[in-house]
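Structure provided below as structure tokens; questions to follow.
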Amino acid sequence: MQTTSQANPALFSRERLIRFSDCDPAGIVFYPQYFVMFNGLVEDWFNEGLAIGYQKVVIERRIGLPTVHLEADFRAVSAMGDQVVLSLDVERLGGRSLTLQVHCTGRDDGVLRMQAQIVLVTTSLDNHGAITIPDDIRSAVTVAQARRQALD
Amino acid sequence: MQTTSQANPALFSRERLIRFSDCDPAGIVFYPQYFVMFNGLVEDWFNEGLAIGYQKVVIERRIGLPTVHLEADFRAVSAMGDQVVLSLDVERLGGRSLTLQVHCTGRDDGVLRMQAQIVLVTTSLDNHGAITIPDDIRSAVTVAQARRQALD
Amino acid sequence: MQTTSQANPALFSRERLIRFSDCDPAGIVFYPQYFVMFNGLVEDWFNEGLAIGYQKVVIERRIGLPTVHLEADFRAVSAMGDQVVLSLDVERLGGRSLTLQVHCTGRDDGVLRMQAQIVLVTTSLDNHGAITIPDDIRSAVTVAQARRQALD
Amino acid sequence: MQTTSQANPALFSRERLIRFSDCDPAGIVFYPQYFVMFNGLVEDWFNEGLAIGYQKVVIERRIGLPTVHLEADFRAVSAMGDQVVLSLDVERLGGRSLTLQVHCTGRDDGVLRMQAQIVLVTTSLDNHGAITIPDDIRSAVTVAQARRQALD
């Protein structure tokens, strides 16, 4: 059983309640909803962790952050009323892509519910073609990683 | 560019309109919604392709079909108003798991939008533990595969 | 118990399966999902009933169709696997607004599941302000209503 | 322009960020999503305001809280990145029903985005029939209302 390690905190994490509206007739999280939750985590990371307004990126700068590749393992169910911790780490910062490792873990039991590797690319919302990651985003991610490594 | 091949039809497929409610502020399918669509395709496959009522499986027999592993590639965007073909093939029929290959392809342009490998397990909805695939489901999948191979 | 009347068919209707993804931990349709379904019905009505491409209206002509007022009664539950009929009638065609009466009825039992009055306005997606209903849409709605009344 | 009044605070309220996943191709909240948000607000109210575990009510006690009637006005759009305040007041505590007034207001501009009257009933999840509101819920709502009136 994999647990969250206090010794090695994630780059960014947020607690979240599993809600009625996240769950399916089996009473557990309907799995596409995990990806909605992690989309929200990336949003919070941009806003709060990187101090780069997600809304400004998408709406004003018309830069998209679509997912181009995804690998996910679902290890244990999350039920309505569970408090979970959603966390993310940067696995790779490429020229046009950002590879994240994300985890959903029970806050109280430390049990890993699911984990995924998510590869995002930066795109132009005018034509949906990939673009180089803008300098301010690259710089903010690099700083965040360096700060985290200094803590290890 | 990968296209759908007439010579090698999928085991099961359905057309679907990309709707307003499937799309995000970038005007394209919000990627978790692909998994909602494929969940619906599996439902239709059980109901229409395998003649095993999906609702009976989940509600009356209390058998779950959760996804335990997922790998997906997103190749091209799908926009509101697109007609797409969702298709599935069985890659592996295991003791307790079913590995599907799914594709979403533009109906008119034949362009592959996304593809995924989805591993489902059969579970008891009483305790969410994995169970052996019930005989009627195994048999129906085996017959469907045999029928398809006879067409090749 | 209100049933669908063969003598007085709705202006536009479509059958739809209640899916796993429409339902909540109580095993029945999560009520916001009814409004997603009716949004899809309006989309189908524009595309198929009025022959005015919904996608063209929203994306190319940048005309929005937001809901500004809603009244809904939920009479009976819809469960996963139910086949329902979604129908709509035009109650009022105003200068900038369109008032619809929508119903969700069991296909097999004829039982009314929910009904709603939905008031839509046409807006400019550039500033979200209300605009006069475009002539082609007004004309198509008027023709559809006249055709329906001739059938009564 | 209606604004939130500091002199007359709501019975229960929570801030919420309008997320990418709440929004549609017009870049604004897709209206059914407001009802998902208010379902979450009722969940938070039960858990935090009434100290009655929502999850216990639904899962352990098998009591449903479906919406049976709804009237909503949508006054101004909410866009991705907006911080809004969701609030609720009890309009009427009946024998088997609870009538709520809910509002969504911009946190920073005080502009009312939408308001709704939502009538919930308590039901048995075994047969979906209405049941008398359980004593602990009735008592907690009554205490919360009395406490609020003492503040007026």
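Per-chain numbering from 1; labels A, B, C and D assigned in written order.
As a convention for this text, contacts are C-beta pairs under 8 Å (C-beta built on N, C-alpha and C of every residue); 3 or more make two chains touch, one makes a residue touch a chain.
For clarity, every value in this text was computed on a predicted model and none was experimentally measured.
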item: Contact-graph separation of chain A and chain C, given in steps at minimum; value: 1
item: Interface sides of chain A and chain D: same vs different residues, half threshold; value: same
item: From chain C, the most remote chain by mean C-alpha position; value: A
item: C-D or B-D - the one linked by more C-beta pairs in contact; value: C-D
item: For chain A paired with chain D, centre-to-centre distance based on mean C-alpha positions, whole Å; value: 28
item: Inter-centroid spacing, chain D versus chain B (mean Cα positions, whole Å); value: 36
item: Chain C-chain D separation of Cα centroids, rounded to whole Å; value: 25
item: Multi-chain contact residues (two or more partners), chain D; value: 20-21, 25-27, 30, 32, 36, 39, 58-59, 80
item: Chain contact topology (line, ring, star, complete or other); value: complete
item: In the complex with chain A, residue positions of chain B that touch it; value: 25-26, 28, 30-33, 35-36, 39, 58-59, 64, 66-74, 77, 116, 125, 128
item: In the complex with chain D, residue positions of chain B that touch it; value: 20-21, 23-27, 30, 32, 80
item: Chain A contact footprint on chain D (complex, rising order); value: 17, 19-21, 27, 36, 39-40, 43, 47, 53-56, 58-59, 79-81
